[in-house]
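Note that chain A is present in both complexes that follow, paired respectively with chain B and with chain C.
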Partner chain A sequence: MLGRNGAGKTTLLNIITNRIFPDTGEVLIDGIPVKENDDALKKVYMMSENNFYPAGMKIKEIYRWTKEFYPDFDTEYANKLADMFELSLNKTVKSLSTGYNSIFKIIIALSVNTPYVFLDEPVLGLDANHRDMFYRLLLEKYSESPSTYVLSTHLIEEVSNVIEHIIILKKGKIIKDESREDLMSYGYAVSGKVSLVDEFIIDKNVIGIDSIGGLKSAYIMGQVPKGNLPEGLEISKMDLQKLFIKLTDN
Partner chain B sequence: MRVKSVIKYQSHDYIKAARGYYLTFIGITVFFGLILRGRGTYTIGGYEFLTCIFLFVVGLSSFKEFFLMMLQNSISRKTMFISKLITILFMGLILAVSDRIIILIGKLLSNISENIEILGFYDRVFKSRMSLLNPVVSNLEAIFITIFTYIAVTLVGYFVGIIYYKMNKTLKLFVSIGVPATLFVLLPLFDSMFFGGNLSKFILKAIQFIFNGKNPYNLLLVCVGVIAVCIVLCWLLIRRAVGKDK
Partner chain C sequence: MQINFDNERPIFIQIAEWIEDAILAGAFPEETQIPSITEFSVNYKINPATALKGINILVEEGIVYKKRGIGMFVAAGAVKKLKEKRKEQFYDNFIRKLVDEAKRLEISKDEVINLLERGYDHEYRN
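So, the complex of A and B:
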């Protein structure tokens, strides 16, 4: 789920998980209304940017209680992930850095084994190595036991290769709800020498340009032109971030 | 199933707090008992009153952290509230029985040694009533009334805790200063200025009615009323409460 700041991503996730209430409308999970309904609620877990866990509680206690509320929580797997991320289970929530605060919640989200897992800004404060580890683990987990993982993030480039389906929010409204493949077919990228690219894009709807030295890449909305391309130009997939900026720009 | 898990979670917290309370109480009692050995008597009068203060604080501080943890674990407000009421009921029962046992041990100790004297609040206020009944019945009645008192006190604390959670910082400050100022400064002032002291007399009569030494059931009646009002008000507040940043 993508959207600019204030688009309503966190608000929507909070409504879905019954943390706040909608002004109008209803949320259904597998056809069951979610509002104040434990049968529907037990199918969801939300890892939020805000910390709702008791500050003085140790991580191992949190894992123990999560198992109580989500019986399918895999404690063994959670411990394994904690080892991988070098997270000490004896630490309290308040003693964790911003990065580790995200890590302990990521571990719960990956171990909880519930049908719908919502991750709101999951990689907040994580260094590049830990972010990479998280994306790999997420794909691994998804391939082993598929659940619906909904990621709300600003780091579009990073998640573009992880996601299957994209929902773009703009000012509280869904403006795109499509598969990644369909969304990416909205446009294409063309790259090559500056002069060649400039000539090619004269009559095109260009949404972004990257230049390095004598090379240039242009991101163009529309279908890839039929026929032969001028020699020296290369067509590639649209850049998701460029497309996002175009779609959400005021 | 989820109610059971929530009760388990809350009981864990309450039992931890109660353990700390009793250990502190026993520690202080033993400490002063030893210090005053041969030099005087260490007396605790109205022991249940201490537990009431403890339970009020427990109720007051048990909303925010618990509520957020339950939201995090996708528990509905309805389940949270039902579980909370069951936990408060059990805590009232356990603490009332524990306190009665402590008071009885205290009585036994004061018979053996003049060093320590633990007197129950109930035993002091309803002294004439207790003297009319046989010891077993009077102690069972004391436990029964104390359970309701403890539940009422915990719920009042819980209600205040929810109100505080829902307030912003300015309002919290305003209420924290405003309520004591109204009760202890403005009310006596208005009473003497406009009501000729009748308000104070009414409050005194109400207290006398509640703590009527011969009839503990007035206290029970008031507690039942407080419990009912608190349950309704707490539910009205909780059903629309939302998760807020810490």
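So, the complex of A and C:
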């Protein structure tokens, strides 16, 4: 799930997991309303950026309590991950750096074994090595025992190949909800001399323009046109980040 | 091993090509096992569905096959098949582009042939 700051990602996740309540509408998980419904909520784990754990609690205590609420929580696996990330289980929540604050929650999310796992900015504060480790662990976990993992993130390039489906939020509304492949096959850029580009884009759905000197690039949503292009124009694909920026620019 | 994915083509096609290259280079000999979907996925940080889609292209072409409960194996005759396929693509992928670029740069046909010979000589020297 992608969206600019303030687009409503965390709000949506909080509504889905019954932490805040919607003004209208309701959330169903496997057809069951989540509102004050423990059976539905048990199927869902949400890792949030904010900390709701007691600051003085030790990590191993948090893991023990998580197991109380989520019986499928795999303590052995969590300990193994803590070892890999070099997280000391005897540390208290308040003594952790921003990175390790994310890490201890990532570990819960990967060990909790609920059918739905929501991760709100899971890599916040993580160094490049730890982010790399997280993506690999997530893919390994997902390959071996598939659950639905929903990630909200700003590091688009990093997750671009990891994800399967993309939801883009803009100002509280879902503006895209499709497979990564469909979305990626749908956007392209055409570049060349201003006059040629202007002529080419007359009947196209243009989502953005860059100009430099006498050259112009237009970003277009739609299938790449088949057949010959006018001489002097060049087509290139847009990467996910570029596409996102163009779709969510004001 | 590293794959530098480009943005121009779908990742699953690049995965398939990478496996083809590895088979042609002898890294995965015929009748030996290739890495699993999970290994591809974790190693290259790509979605397992993408890895599966790439490998399925090769299954359809008879380059690799599935042994139930064990994994994916390189088929007997895969190298020969791949060489034939690549030869068919050689004209489109290399010769046409070479001629186009030569024309753009106004390099004559004779010059191109000279350059080709130079390329081969260089190869022999090494």
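By definition in this document, the second predicted complex is superposed on the first by the 203 of 250 C-alpha atoms of A that agree within 3 Å, B and C clash if a C-alpha of one lies under 4 Å from a C-alpha of the other, contacts with A are read in each partner's own complex, and residues count from 1 in each chain.
Operating definition for what follows: a contact is a pair of C-beta atoms (placed from the backbone, for glycine too) under 8 Å apart; a residue touches a chain by one contact, two chains touch by 3 or more.
Remember, it's a predicted structure, so these values are computed and weren't measured experimentally.
With the two structures aligned on chain A, chain B fits next to chain C without clashing. When both complexes are overlaid on chain A, the residue A:95 reaches neither chain B nor chain C. For chain A, the partner with contacts to more residues, out of chain B and chain C, is B.
In the superposition on chain A, A:136 makes contact with chain C only, while chain B stays out of contact range. Touch criterion not met for A:147: it reaches neither chain B nor chain C.
Of the two partner chains placed by the overlay, only chain C lies in contact with A:236; chain B stays clear of it.
Contacts of A:66 after superposition on the shared chain: chain B is touched, whereas chain C is not. Of the two partner chains, chain C is the only one that A:181 touches; chain B does not reach it. In the composite built from the two structures, the nearest CA pair linking chain B and chain C is 28 Å apart. Counting contacts as defined above, no chain A residue meets chain B in one complex and chain C in the other.
Across the complex, chain B is touched by residues 14, 17-21, 36-38, 41-42, 44-46, 48, 50-55, 65-66, 68-70 of chain A. Per the touch definition, chain C reaches chain A in the complex via residues 5, 7-8, 10-11, 37-38, 41-42, 44-50. Here chain A touches chain C in the complex through residues 132, 135-136, 139-140, 142-144, 161-164, 180-181, 184-185, 236-239, going by the rule given at the top. Of all residues in chain B, only 2, 5, 8-9, 65, 68-69, 71-79, 239-240, 242-243, 245-246 touch chain A in the complex they form.
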